[in-house]
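In the two complexes that follow, chain A is the common piece, with chain B as its partner first and chain C second.
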Partner chain A sequence: MLLWSLLGLATFAGRATHAESVPPFRILIHPENPLASLNKDFVIDVFLKRTTRWHDGETAHPVDQRADAAVRQSFSDNVLRRSVSAIKRYWQQRIFSGRDLPPPELDGDEAVVGYVLKHRGAIGYVSSSAKIGRAKAVPVQ
Partner chain B sequence: MTQTTPAGYSVPCTKATSKVITVDHHRAPRVLRAGRRALSILSAAWLVASSGFARAEESADSSNPLPIEIHAFVSQGFIKTTSNNYLAEESTHGSFEFSEVGINFSKQLTDRMRVGMQLFTHDLGPLGNYRTRFDWFYLDYRFWDFLGVRIGRTKLPFGLYNETSDVDAARVPILLPQSVYPVSNRDFLLAQTGGEAYGFLPLGDAGGLEYRLYGGAIFYDTADATSTLSNVRGPYIYGARLMWQSPIEGLQLGASAQRLRLDGDAAFSADQIAQLQMAGQLPSGFSGPVKFQIPATLAVASIEYSAHDLLLASEYSRWWDSLNTSVPSFAVPQTVSGRFYLMSAYHVTPWFTPGVYYSLLFENLADRKGKNPPYGSVPGAAPLGRGAYQHDLALTVRYDLNAFWLLKLEGHYMHGTAGLSRELNGNQPLSSLTEDWGVFLVKTTAYF
Partner chain C sequence: MTDSRRSVLDSLRARLLLIVGSAALALLVTLIGSAWIAAQQTRDLRDVEQRLIPKLELGPKLETEFDHLHQAMQDAVAAQDAPALSGTVSKRNHLFELIAAARGVLDPSDAAVLRFTIHDYYQAAEDVSRRLIAGETGEGVVERIASMQAQQARVEALIKRTTGLSRG
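What follows is the complex of A and B.
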């Protein structure tokens, strides 16, 4: 058990170091959202639906990308600090216990940008090279 | 000592009552059961497939943030023990009586209001027998993030995993540590009908606090009862869970407690009455059932670290319970059981996750080695011995074959026979069952 845990921790530490590099994604919010930057804990709480509202009371609408999308894995590792598999398991627990529903999963950057522009409370992420139109890209601190 | 009720709830039980609280499975012939199982699984698979189309149609409209969500799962397992029947009647020969099917529908009516329901059917040895029931249904209204209410039939938030103890896809092991999450308790300790208040409070640099308070009643499906038990019900249950999401990402600590009572009647056959009267445990001229009440308090302290690909979890639990009956000789004073486990899992790849846990159960902390006979035993009876404890070392590998289908293999080394069902083992005393034994399980689950 101890060896197992140490092995896991060692690998985890290696990945954590790797995750410190510049994240290959941008976080988007609606252009009318007044915030210029986001607190990382707030983003985590919104994507895990522990927090459901923006500071001005607007309902938050987080949106994910498909589980096999590279940008989803990058966002999950860097921001949520859990693998996509672990996040999927988190949502399985909540879905089948009747607690909550996961954010919708959309196909690709373009769909996410469209969703964010359509919903004032939306928050999503796209790859760094994506065209984001009028959507507002905000840093996470 | 404690014994196991028909649904597996560990309750104090005298030797005498353990004779009368026996399982009459009313099982259909094997061929019929196998046919019914196949039909059920096929129906469920069709349901899953057709629901998948429905869900696809819904999600295609990505502009609608409030669609009807449909999710479902179908599981089929196999269990084999080296000795001692465990969970299923013939596990020593291998048993497929280990199936679960569920489908749920949820709809976000407004930003704050949600409704949902889940239909569930299962078969686990003598339990379930594919009777379909509402697993949960609720109306949820979230006033603010720090306060929401939910009314209906809701899962019980006890410990880290009670709510999801029947959701195979949501965890690595096939069997959660049975000391804290005995699968045979499902009908008693998984859900309640009543109300719940919940909330999440961000604490800034100190993390966040998730809290839940609930109260209601337990409705027991009498179809799962034995021929000797009737009117089994839980007139009340209430409890709370507090989880602190620490500033260390992925680390949460918490505590849960609940108080409940189970009531019912135990009937006697003429032969049993005669035997019990000869043993002096029933008065002469006795007639009618014995009314019983089982008040219980359960508490658990929890810690979980889940970050990146690693999961570490541990819980320590104590359960206080007693048996009050209309026949004083059957009553059992309060006993305190101790329960603990340490669990780890690691996502080596997105499709391969091994896990391991060690679980420990003492049925009576005042007699960890079983030096005393069970409560209510006749003078000179053998001590409880190996029936007082259960050490369980489990190894699991989980293969996610794709996003909707998984396969798990699991092996257990068991030391001790606490938690086993006497009824599944020919009503032999637990002290006479094999002390060192193994369990092997295979389970596959399709879900979305």
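What follows is the complex of A and C.
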């Protein structure tokens, strides 16, 4: 019994270490976007629309996934450092005060990849296992 | 009395009469002028009291009520509460009542345009709110939000324009 418990604990610890090292999502940008990596604060600003342009002047088009998608929760917690519900409240406030438009929420990885390939200034995120085609996956530092 | 002396006296009398008459006429013109100016000032003062002050007070009232309207919609969406969203119609109606009560203050055509613009905003905002409560997503919702925000900006600009003092 003790042996089984120790084995289970070891497996859980192994998984946790793996989850920390490999984020369960990838951030995608358009293939013609020259950036090779992104600054985390810049990504936050783009997704909250505090920044509306890329460094080269191109308009930024962030795209979200549905609020109930696991990848959205993971991205929100790890990159935006806020829960999905906090982000929803943020956008509701901005929508009804007439100040800003939220990023569109798309259904699933495939739709996000399609959106990123369609808009040169797009930035989105998909689960690690998603097929990203020509879209460029970039690390966030 | 000689003829020459009489004619000098007549001339003097005529001059005196002319001076007195001119002075009386000047006094009359002054009195009438000041009475006209006083009446004009009274009219202007009444206009300020009855129309311009209420008009100035109406602007912030409408802006506050309009803020309450979109705040109520935001709260209904945050709470995912469709009945609360239906209840926001009372806030829209309150805005209509304020506009109707300001009949003597607002130009009738301005009041009608303001009412229609608020009505259009309400329809757009209610539609967006219902979609958000239903969990609708995608680019279509964002387009509707943009349209609602454009209506909202129109209402805000119209409130400022119709309740400002630059218009008659």
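Here is the rule we use: the second predicted complex is superposed on the first by the 119 of 141 C-alpha atoms of A that agree within 3 Å, B and C clash if a C-alpha of one lies under 4 Å from a C-alpha of the other, contacts with A are read in each partner's own complex, and residues count from 1 in each chain.
The rule is simple: contacts are C-beta pairs under 8 Å (C-beta built on N, C-alpha and C of every residue); 3 or more make two chains touch, one makes a residue touch a chain.
In this text the structure is predicted, and so the values were computed from the model without any measurement.
**Student:** Once the shared chain is lined up, is A:Ser128 touching chain B (first), chain C (second), both, or neither of them?
**Tutor:** So A:Ser128 meets neither chain B nor chain C here.
**Student:** Residues of chain A touched by chain B versus by chain C: which partner has the larger set?
**Tutor:** Tallying touched residues of chain A, the top partner is B.
**Student:** After lining up the shared chain so the two structures overlap, which partner does A:His61 touch, if you call chain B first and chain C second: first, second, both or neither?
**Tutor:** first
**Student:** Now for A:Gln141: first (chain B), second (chain C), both, or neither, which partner does it touch?
**Tutor:** Neither: A:Gln141 stays clear of chain B and chain C.
**Student:** Should A:Gln93 be classified as contacting the first partner (chain B), the second (chain C), both, or neither?
**Tutor:** In the superposed model, A:Gln93 contacts both chain B and chain C.
**Student:** Please indicate which partner A:Asp77 is in contact with in the superposed arrangement: first for chain B, second for chain C, both, or neither.
**Tutor:** first
**Student:** After the superposition on A, what does A:Leu101 contact: first (chain B), second (chain C), both or neither?
**Tutor:** So A:Leu101 meets both chain B and chain C here.
**Student:** From the superposed pair, tell me which chain A residues show up as contacts to chain B and also as contacts to chain C.
**Tutor:** Looking at chain A, the two contact sets intersect at 67, 89, 92-93, 95-98, 101, 104-106.
**Student:** For the complex, give me every residue of chain C touching chain A.
**Tutor:** Residues 70-71, 73-74, 77-78, 125, 128, 132, 135, 137-139, 141-142, 145-146, 148-149, 152-153, 156.
**Student:** So in the complex, the part of chain A that touches chain B is made up of which residues?
**Tutor:** Against chain B, the touching part of chain A is residues 1, 4-5, 7-9, 11-12, 15-16, 41-42, 44-45, 50-53, 59, 61, 67-68, 77, 81-86, 89, 92-93, 95-99, 101, 104-106, 111, 114-115, 118-119.
**Student:** Which positions of chain A touch chain C when the two form their complex?
**Tutor:** It comes out as residues 66-67, 88-89, 92-93, 95-98, 101-107.
**Student:** Note which residues of chain B are touching chain A in the complex, please.
**Tutor:** Of all residues in chain B, those touching chain A are 59, 62-63, 65, 67, 69, 71, 73, 102, 104, 106, 108, 111, 114, 116, 118, 136-138, 142, 144-145, 154-155, 161, 163-164, 166-167, 169-171, 200, 202, 208, 210, 245, 249-250, 306-312, 342, 344, 346-347, 350, 353, 356, 358, 400, 403, 447.
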